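You will see chain A twice below: alongside chain B first, and alongside chain C after that.
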Partner chain A sequence: MQFLSDNADLLWSAFLTTLSLAVVSGVCALVLGTVLAAMRVSPVAPLRGLATFYVEVFRNTPLTVVFFFLAFGIVQIDLQFPSRFITAVAALSLYTAAFVCEALRSGINAVPPGQAEAARALGLTFGQSLRQVVLPQAFRTVVPPLGNVWIALAKNTSIAAGFAVTDLTAALQRLANANADQLLAVFAAVVLGYLVITLPSAWLIRAIETRVAIVR
Partner chain B sequence: MSTSVLFDLPGPSARRRQRIGTAVGALVVLGLIGLVLWRLGANGQLQPDRWAVLFDPASGVPQALGDGLVNTLAVAAVGMVAATVLGALLAVGRLSDHAWVRIPVGVVIEFFRAVPLLILILFCLLFLPTVGVPMTAFRALALGLTLYNMAVLAEIFRAGILSVDRGQREAAFALGMRKTQVMTLVLLPQAVRRMLPVLVAQLVVLLKDSSLGFIVGYVELLRTARSLVEFFNFQFGSQYTFQLYVAAGLIYIVLNVVLSQLARTIEKRTRSSSKTAAAKEIELPADVQMGGGGGPV
Partner chain C sequence: MRSTRRFAAFAALGLTLAACSSEAGSQAADQAESTAEVQEDVSFDAGTTMAELNEAGSITIGTKFDQPGFGLLNPQSGDPEGFDVEIAKLVAAELGIAEGDINWTETVSANREPFIQNGQVDMVVATYTINDARKQVVDFAGPYYVAGQDIMVAAGNPEGIEGPEDLAGKSVCSVEGSTPAQNIRDNYPEAQLVTYDVYSKCADDLANGNVQAVTTDNVILTGLVAGNPEGFELVGNPFTEEPYGIGLQLGDTEFRDFVNTVLEESFEDGRWADAWDRTAGRITGEEAPEPPMVDRY
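Now for the complex of A and B:
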């Protein structure tokens, strides 16, 4: 315990890094994923193709490889992220957006056709029926899968440690290398850090789900 | 719902708008591709001799990438076999009638799903040697992948076992089979068959996750590409950097797409065969596909 309180500063700032990584990339992934999902159901073929291509590529690429490209490969097309943190956010968002898109699309597919037909019969355009009728229902059905994507994202932030971001996992490596006798305490503290993020999220998701669920 | 319900059968003006939209969309897509190609070309990344190195055996690159690929496949294979066996055992344990089996097994499953995969691997790598278990990067990676995926697969198997018709189980009991026999002779074979597509899909995730070996120093595909880059940088500057990274990324994508396709084929076959015709379609949830220790807590 003495040991952990000695390193409380490092652990606390690492925890905040992990948390902000998860929150910022979660928001970015949600926005990008929604755009992708809208593209995948749109009548415009090239956009549909582009979104499908994006999802297939990112779903089949390991997150580590995505990180790797943004950290080392992207320099070759004259792009450079201002900091390691932003590189990590970009990698996590780009990767997670593909899964957000798939979750949303399954939600859109779960909306009964009658809803969209009714919207059409009322004379709503594609954009209107998507925004006002289909997407709100889709969002409410996909609260559990989206929540799970978010939890997976929170755990996946640990990969940023391999790319020089000082998050919880990086703190773990640093503390473990310096204090071989305190390994278990270090691991317990770090795992607790992740659980502090994921467990309340799981509860919150369940609470939201029961609030907004659509009884069909 | 098929997406076509979202928009009407287009009339003349809607068709015109769609054509315009299609053209603009195509232009945007082509423009993006063109922009990237232009930047790459301007940096000389598209010169054929830079890419030739990937296929030139004299440079040693194809061999090294091949070795990296074999290492990746090796750790994935070990993880997959071990995780499948342990996962099936855990699934049976979690369905046990005895609370003293069911509850601890449940705790084990939930624990390994709640911890990030990288932390599990680091735990194996750093902690196990201190209690006298000799560790290498390969073992730590295989063990971490096994522990995480066995928990995921256990839940998948459990869903499969529970999805077998009640009548099967009742009939087996009525024939006088014991609980073990019912499980091993009647329920598990049907569950495994039903779960085959999901098992293959999980292999894709496992293969993706094996790239975490890059972080713990296991010389898999990605780490091989990195060390090749470092080696070439020393001799020729960063001439081949981009090409090697692209090659490693492409190998992963091709491999995973092939495996995903395989999963789809198996799924179609199992669904069309009469024996499992009634099987419900069980999809791998998005969070599990994300790898890295997803899953509900």
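Now for the complex of A and C:
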């Protein structure tokens, strides 16, 4: 226990790094994923094609490869992110957005077509009917799958440890090697850090789900 | 039409990634055949680890699979090669176990102690620095080699880095959780430390100009320099002592004494120097150094 309090600073800052990676990437992925979902259901064929292409590429590429490409690949074409943290946020957001898009699209498909048709009949444009009629209902339907995407994202942040970001997993590697005799305490502290992020999220998601679910 | 476009994008992605992966891993040294002579009829006191292993006719040894010169997996044979590997074969041979009967297990830095503790490996020979915290949970035979932390810079040393003091204000790369990284943190806090999970990423970053230096044990850096001799060079000024030992089950004093004796014999009769020449020495181009004193603590 002595050892844990000695390293409290490192564990705390590592926890904050993991949390901010998850939150910042989560917000970016939600925004980008929503735009992608709108593109996938839009009447404009090139937009649909572009969004489909994006989703298929990122959904089927391992996250580590996305990380590697953003950290070491784009340097070849003279591009670079200003910091390793931003590289990690970019990789996590780009990757997770594909899953957000698909979750949201399933929600859009669950909205009865009559709703969209009624909105168009009232004279709303495509954008208006999407924003005011379809998407609000879609979001309420996909709370559980979006929750899964969020929890997966929180755990996927661990890959950033391999790319120069000192998150909980990096702290695990550092402390485990330096304190061979305290391995269990190190693991317990790091697991607790992740649980503190994911478990309350799971409860919150369930609470939101019961509140907003649409009974059809 | 669409599928062609998709394919082209994938191909482009693949090519870029292939081009930027480090070359350090690609140089599987073509080694001469091992000279470790297997002891045919040896006998050990009943109940000792030596007797058990000899009886079983096989041994499980943990080593690194990604360290040129010490432990590097040969993709053709599926077995690792290097100085650590040769040392391990020497010990196995003295137990009456041929190299074909050795089960190699990859032990990265973070899993060496647990693998020894729960018996997944019989011993670990993996650029394994002997230190007091580790002695609490495992026993060490050796040292069989003393490495030192050194610094690798871009060829020509444009930043004029001669030693760790010159790292102040410069970004220096190492591996998270490694002893060299901790040493920089503790003793040279002015240096901006960047940590990845493997050294090849550090080498990539040095080649890209993202960091100005890479630091770890000289033997590991030598392997990286060998992978890109035009791009990198070694400062050549080791500033720590890292005694490499063989990790064994805690409290197995008989086995530790046995391994220590094997090491001492190999220092004497030239098998140790010969193993160096065929592996790490081939990369560094240096003669075998003076063997260290075994520490029978």
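Throughout what follows, the second predicted complex is superposed on the first by the 216 of 216 C-alpha atoms of A that agree within 3 Å, B and C clash if a C-alpha of one lies under 4 Å from a C-alpha of the other, contacts with A are read in each partner's own complex, and residues count from 1 in each chain.
What we mean here is this: a contact is a pair of C-beta atoms (placed from the backbone, for glycine too) under 8 Å apart; a residue touches a chain by one contact, two chains touch by 3 or more.
Please read these numbers as outputs of a predicted model, since none were measured by experiment.
**Student:** Aligned on chain A, chain B and chain C: do they clash or fit?
**Tutor:** Clash.
**Student:** Looking at the overlay, what does A:Arg84 touch: chain B (first), chain C (second), both, or neither?
**Tutor:** Second partner only, chain C.
**Student:** Kindly classify A:Val190 by the partners it touches after superposition: chain B alone (first), chain C alone (second), both, or neither?
**Tutor:** first
**Student:** Between chain B (first) and chain C (second), which, if any, makes contact with A:Val57: first, second, both or neither?
**Tutor:** both
**Student:** Quick one: is A:Phe139 in contact with chain B, with chain C, with both, or with neither? Answer first, second, both or neither.
**Tutor:** After superposing on A, A:Phe139 lies clear of both chain B and chain C.
**Student:** If we overlay the two complexes on their shared chain A, which of chain B and chain C does A:Ala178 touch? Say first, second, both or neither.
**Tutor:** Second partner only, chain C.
**Student:** Touch check for A:Val111: first (chain B), second (chain C), both, or neither?
**Tutor:** Touch partner of A:Val111: chain B, not chain C.
**Student:** Which parts of chain A are in contact with chain B and also with chain C?
**Tutor:** Residues 49, 56-57, 61, 65, 68-69, 72-73, 76, 161-162, 172-173, 176, 180, 183 of chain A touch both chain B and chain C.
**Student:** Considering only the defined contacts, which chain A positions touch chain B in the complex?
**Tutor:** My answer: residues 41, 43-47, 49-50, 56-57, 59-65, 68-69, 72-73, 76-78, 95-96, 99, 102-103, 108-113, 116-117, 120, 126, 129-130, 134, 145, 147-149, 151-153, 155-156, 158-159, 161-162, 169, 172-173, 176, 180, 183-184, 187, 190-191, 194-195, 198-199, 201-202.
**Student:** Can you list the chain A residues touching chain C in their complex?
**Tutor:** 49, 53, 56-57, 61, 65, 68-69, 71-73, 75-76, 80, 84, 161-164, 166, 170, 172-181, 183
**Student:** Can you tell me which positions in chain C touch chain A when the two form their complex?
**Tutor:** Residues in contact with chain A: 2, 5-6, 9-10, 13, 16-17, 19-20, 109-110, 113-114, 133-134, 136-138, 173, 176-179, 181-182, 194-198, 201, 204-205, 208, 210.
**Student:** So in the complex, which bits of chain B are touching chain A?
**Tutor:** The contact residues of chain B facing chain A are 1-3, 5-8, 10, 18, 21-22, 25-26, 28-29, 36, 39-40, 43, 45, 114-119, 122-123, 126-127, 130, 204, 207-212, 214-215, 222, 226, 229, 241-242, 245-246, 248-249, 252-253, 256-257, 260, 285-297.
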